[in-house]
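Just below sit the structures, each encoded as structure tokens.
Two complexes come next, and they have one chain in common, chain A, joined by chain B in the first and chain C in the second.
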Partner chain A sequence: MEGIYEPKMEAPKIKTVSKWNARIPYIIAYGTLGITTLPIILMYLWLLMSSFSTQMKHGVIPVEFTLENWRFLWTNVEMVGSVYPSIWTATWNSFVFAGVLTVLEVIIGVMAGYALSRMEFPGRQGIMKMTMMLHAFPSVALLIAVFFILNFMGLFDSLLGVILVKTALQIPMTAWIIKGFFDDVPWDLEWAGLIDGCNRFKVWYTIVIPIIKPGIAAVSIFSFLAGWSEFLLLYTFVLSDDNITLSTYLQKLISDPNLVNYGLLSAVSLFYMIPVLIFFIFTQKSLMQVSAGGGKGV
Partner chain B sequence: MKIELKNICKTFNKQSNTINNLDMTINDGEFVALVGPSGCGKSTTMLMIAGIYKPTSGNLYFDGQLVNDLEPKDRNIGMVFQSYALYPHMTVLDNIAFPLKQQKVPKEERYERAKNAADMVHLGHLLDRKPSQLSGGQQQRVALARAIVKKPKVLLLDEPMSNLDARLKIEMREEISRIQKELGITAIMVTHDQEEAMTTADRVAIMKEGELIQYSSPMELYNRPKNYFVAQFIGNPPMNFLKSQLAVKDGKCQFYINDTTVDLNNHLPKIKSHNSIKDIYAGIRPYDLKLGQKGDITLDGVVSLVEPTGHSKMVNVKVGDDRIRFFADPLQKIERGSKITLTASISSIHLFDCESGENLTAETIGEGQDNKLVINS
Partner chain C sequence: MKKSKFLINGMRKHSLPWLMLAPFLILIVIFFFLPIILIAVNAFTDMDSALQWTFNGIDNFKKMLLDPNMPEILKNTFIYVFFTLAINVLFGLVLGLLTSYFIQKESVGLLFRTIWMLPRISPPVVYVLLWLWFFDPSPYGILNSLRALVDLPPGEWLSSNPKTAIVLANGMIGASFGMIIFSSAIKSIPENLFQAAKVDGASQWSIIQDIIIPAIRWPLMFVTMWQLLSLLTSYEYILLLTGGGPMVESEVLSLYSYHKAFESFEYGYGSAVSLVLVVIALGFSAIIWKVFGMKKMMGTSRVE
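Now for the complex of A and B:
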């Protein structure tokens, strides 16, 4: 008898998991994530509102809508007698800085990464360890030494000088990331290229480079963002207003704590963020590939 | 193109040679298979012929010309890799046309020839696809088309069929043979599958631990294996081996299997001492064993397994402490556990020295073995 009834008793067990029970893990996860990210979201919201209002009541409630804070877009900002440089000069300089940095870094990084991944030469292991160490150095520690070198070379107070310094500091990491992508390209593909009539260099740029395109994209994005947000080196080694960048422009706005115009500061900060946001929207897909550990299924 | 390997050595580390004094000649238009267990150096040999690896010592000749330091691109070879190594960012047509592009063939002619090559491997309808959109068999065909499109003098195939299923394997095997014959191209194939090597190649080179063990035609390998290693490697199912003893006394030669004494009519020139007893393996191919008692030797055993294969039955028999296989007529009634008697003729038996593995019967039965083919003995 029991043998007959047993299956009937077990069958409903499977069905009774209610919809709500199944959702509990999700509710907990989203709830926790939501609460922890709330302060950050509120901060950005405050930034946005403060840039469009004349003042913030009690520091949080916006009063009266205004575009006055965004006036830096069409005039040169003037505060207490001193005229700030044009925001467009700063934006252009930031773009030049980040752009040239990206190009240099990617070109050198891709070549170095290939050599580290594929070529046998004495000291290869040593170089790989050294590059990692170089990256571990905080750039602050190098500031004084770098100043002497730039001064000696006549590159002090020029964007090019800082670009070179920043490139040198960034290359180890770039080369390492790119090396990972090269490692994933099978030797067979390179050999096939050699047999099909290419020399080593041609194999590199007609076969291997197109395959690691996602890696190059990711590295480009990283280095552009690093260049865009660079502050310390620019602040230390660039003094003239002609060479000002957005990050140092922002610094200028808050340099005198008694005269800080928070509305203006918020507006410039938001302006500084816009290119990064746009960049992120278009490049998210490539960025994700890095965390996946490199190479697409080749 | 005639390919000659003279005394080739290849070392990757200083301790041991991956390839040890390899001597081998591949004639123009010949299809040669390199076979052996994994790690025996067959792929290394092929990559040296391709020019990817340089031999550590020794010389490599193409048509009598020394090519040791010739770059792969100048060797006029086509190669199919085990992983196919298709360029993932190019379409099938561009993949096939790639070698021609490197030779600066004008665009129209290039695509024309690529299409012809694609038709040759029945790929004409897939030209616009990317490699990732193809099945394994189709990718394999693309790789083959790419290898032959520039009409190379040598076609190298590195385990070309190891990633295909059994049915596709047979199809591709025939395809490769057909194309090789049609083009009259010299071809070298690396494989670990002895059956593949036997069916496609004109000559088979068996390698073991970087050395060439035997290099001869498939039938020769099958009928006259040079040693124990070759004998157990070639043939499917493998040769049966029975432990036995060989006695030489007063110029007479006998061996014993299963209480049967077999006379060897006096000729065994490989044994030097005249009065000795040696441990040997007696090898008999499963196909040479028959039910009954009419042959030169008989074996009594107990059936332990019967596997029907359709056209016959493979029967596993326990003889003494050894297990042997033979094929029986499918209509014959054989049951597990029943006692049977098997028989074989003396000419089908191979004797191998237990210590050296050497085939002791090679000189008697395998007379006229072409010594030119068996280099590095």
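Now for the complex of A and C:
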């Protein structure tokens, strides 16, 4: 109370102190963020440097430039007693796996999403509830039973089998996201098309799909990356070397007791991460929106 | 006569949506519903690698109670879920606050958030390789290299502290999930609330405590519940990092069911453990469902 009538001279002093005080939280903020983020940057930087260097001094400082670690691109990796399959077989398999997965997911997701968003039929509420429930369902707990089913269908140890499993596990989320895109298209637009004499399919094809194209693109990228990164299902349900993918190839190298070559491991890792990095750099904004809406991983 | 005609018309009218939903429903039936039934049935058999369905009543559940590994596995599960969840939610909140409230410049905040997304978008095998290198027992591992700089002997980190390793590795991934959700929630708080608080002379701490936290309490609860559920049932990173070892020191319940089924081929017992997990998870889902009123998210169709 007394402070209000203090002489004017006091005022500037108080102001500078409070300004300093106001800055402290920001300094702490930047400091904390910097310290916690630095290790992540360093780790990925190490991946890059270690792949181009003969050895690392103190484990972290590159010593001499070499392309030796990238030799796996033109010759098959050989370990004591075993020859690894070609990296290009693994790359092709990963590409097929992620590509087919994306196509299936988008087609099935668009069909289901449209039906759920725009059509009224008995059981619609029930299906929507079920779709929501499945988002939270612990699908990995079902792997044992999925093994029986694949075995029964004759799809054990085949990429197609795992593609179907992965599509099924992701489709509730995908269909739900795509339904959201359809919900955002104003019904007036479709209505106008119908009045102008288009049939429903033509309206759908010429008016609705172009509007939700950006959404479809985001979903496609998201599912391609999910397929490209998939490890657990491929590791569990695919055994033969002919069907090896990049994730299982890398895991095989990592767990090889005869190998302690971080140069080779980091080069293969970087090679494996190329599509992820490309997509990430160009689409991180839409990617973040999609994964904010869903993304089940831990 | 009239009724059957009505029925046919009804079917014709409704056949299109069902046709469009068919592939979706078939996949869900084959890979969700059928497995649930199979797990539930199989949990009462002693199926092994011979794949014979021999029912043995509740023997598997008795075995689970008497399993000498069970106390340690349950303890591990609790430690793993509790500490990882704490990192996910609290550190996620810190990251969200720092990148969207303290750093007002959108481009800087986005840059940091992008970097934090890196572990999340990296393929699990690559991400775990980075941790393996970090903890490597040889003098080339980063932790041991750093210790060598101050003349400390190298340590066998993964075998001496497996639980810390799995908590850190999973926590870093989960924190970015919290970060994304919290920062978009913080951004949707009206700017004038902050300005009014500042004019009134509120400290940063009271702005966080009295404005931000109450405003994002729903996302906070959602992330907590969702992550709790995911952590209980997922094991991919643990499988890659420690494989549950050494012995069962970092084995959690979900990984145990995987190991029982796919390593020791005790499908019946593995299914019983899975069934327990599924029941727990369904309980949590029901709570999430109830608390967040999923019904609100489902309007009726806008057409017809």
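In the analysis below, the second predicted complex is superposed on the first by the 238 of 298 C-alpha atoms of A that agree within 3 Å, B and C clash if a C-alpha of one lies under 4 Å from a C-alpha of the other, contacts with A are read in each partner's own complex, and residues count from 1 in each chain.
Operating definition for what follows: contacts are C-beta pairs under 8 Å (C-beta built on N, C-alpha and C of every residue); 3 or more make two chains touch, one makes a residue touch a chain.
Only a predicted model underlies this, so the values are computations on that prediction, with no experimental measurement involved.
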item	value
Partners on chain A (chain B, chain C) - clash or fit	fit
Touching partner for A:P172 - first (chain B), second (chain C), both, neither	second
Partner chain(s) touched by A:A112 [first = chain B, second = chain C, both, neither]	second
Partner chain(s) touched by A:P257 [first = chain B, second = chain C, both, neither]	neither
Greater chain A contact set [chain C / chain B]	C
Touching partner for A:S139 - first (chain B), second (chain C), both, neither	second
Touching partner for A:G126 - first (chain B), second (chain C), both, neither	neither
Which of chain B and chain C A:I195 touches, first, second, both or neither	first
First, second, both or neither for A:I207, with chain B first and chain C second	first
Minimum C-alpha spacing, chains overlaid - chain B and chain C, in Å	7
Chain A residues contacted in one complex by chain B, in the other by chain C	297-298
Residues of chain A defined as touching chain C within the complex	25-26, 29-30, 32-33, 36-37, 40-41, 43-44, 46-47, 56, 58-60, 107-109, 111-112, 114-122, 124-125, 127-130, 132-134, 136-149, 151, 164-165, 167-169, 171-172, 175, 183, 187, 190, 225, 228-229, 231-232, 236, 246-247, 250-251, 254, 260, 262, 265-266, 269, 272-273, 276, 280, 284, 287-288, 291-292, 295-298
Residues of chain A touching chain B in the complex	186, 188-189, 191-199, 202, 207, 210-211, 213, 297-298
Complex contact set, residues of chain B against chain A	47, 50-52, 71-73, 75, 77-79, 81-83, 85, 87-89, 98-99, 102-103, 132, 146, 150, 156
Sites on chain C touched by chain A in the complex	13-14, 16-18, 20-21, 23-25, 27-28, 30-32, 34-36, 38-39, 42, 51, 84, 88, 94-95, 98-99, 102-103, 112-126, 129-130, 132-134, 136, 138-142, 144-145, 148-149, 170, 172-174, 177, 180-181, 184, 204, 226-227, 229-237, 239-240, 254, 257-258, 261-262, 267, 270-271, 274, 277-278, 281, 284-285, 288-289, 294, 297-304
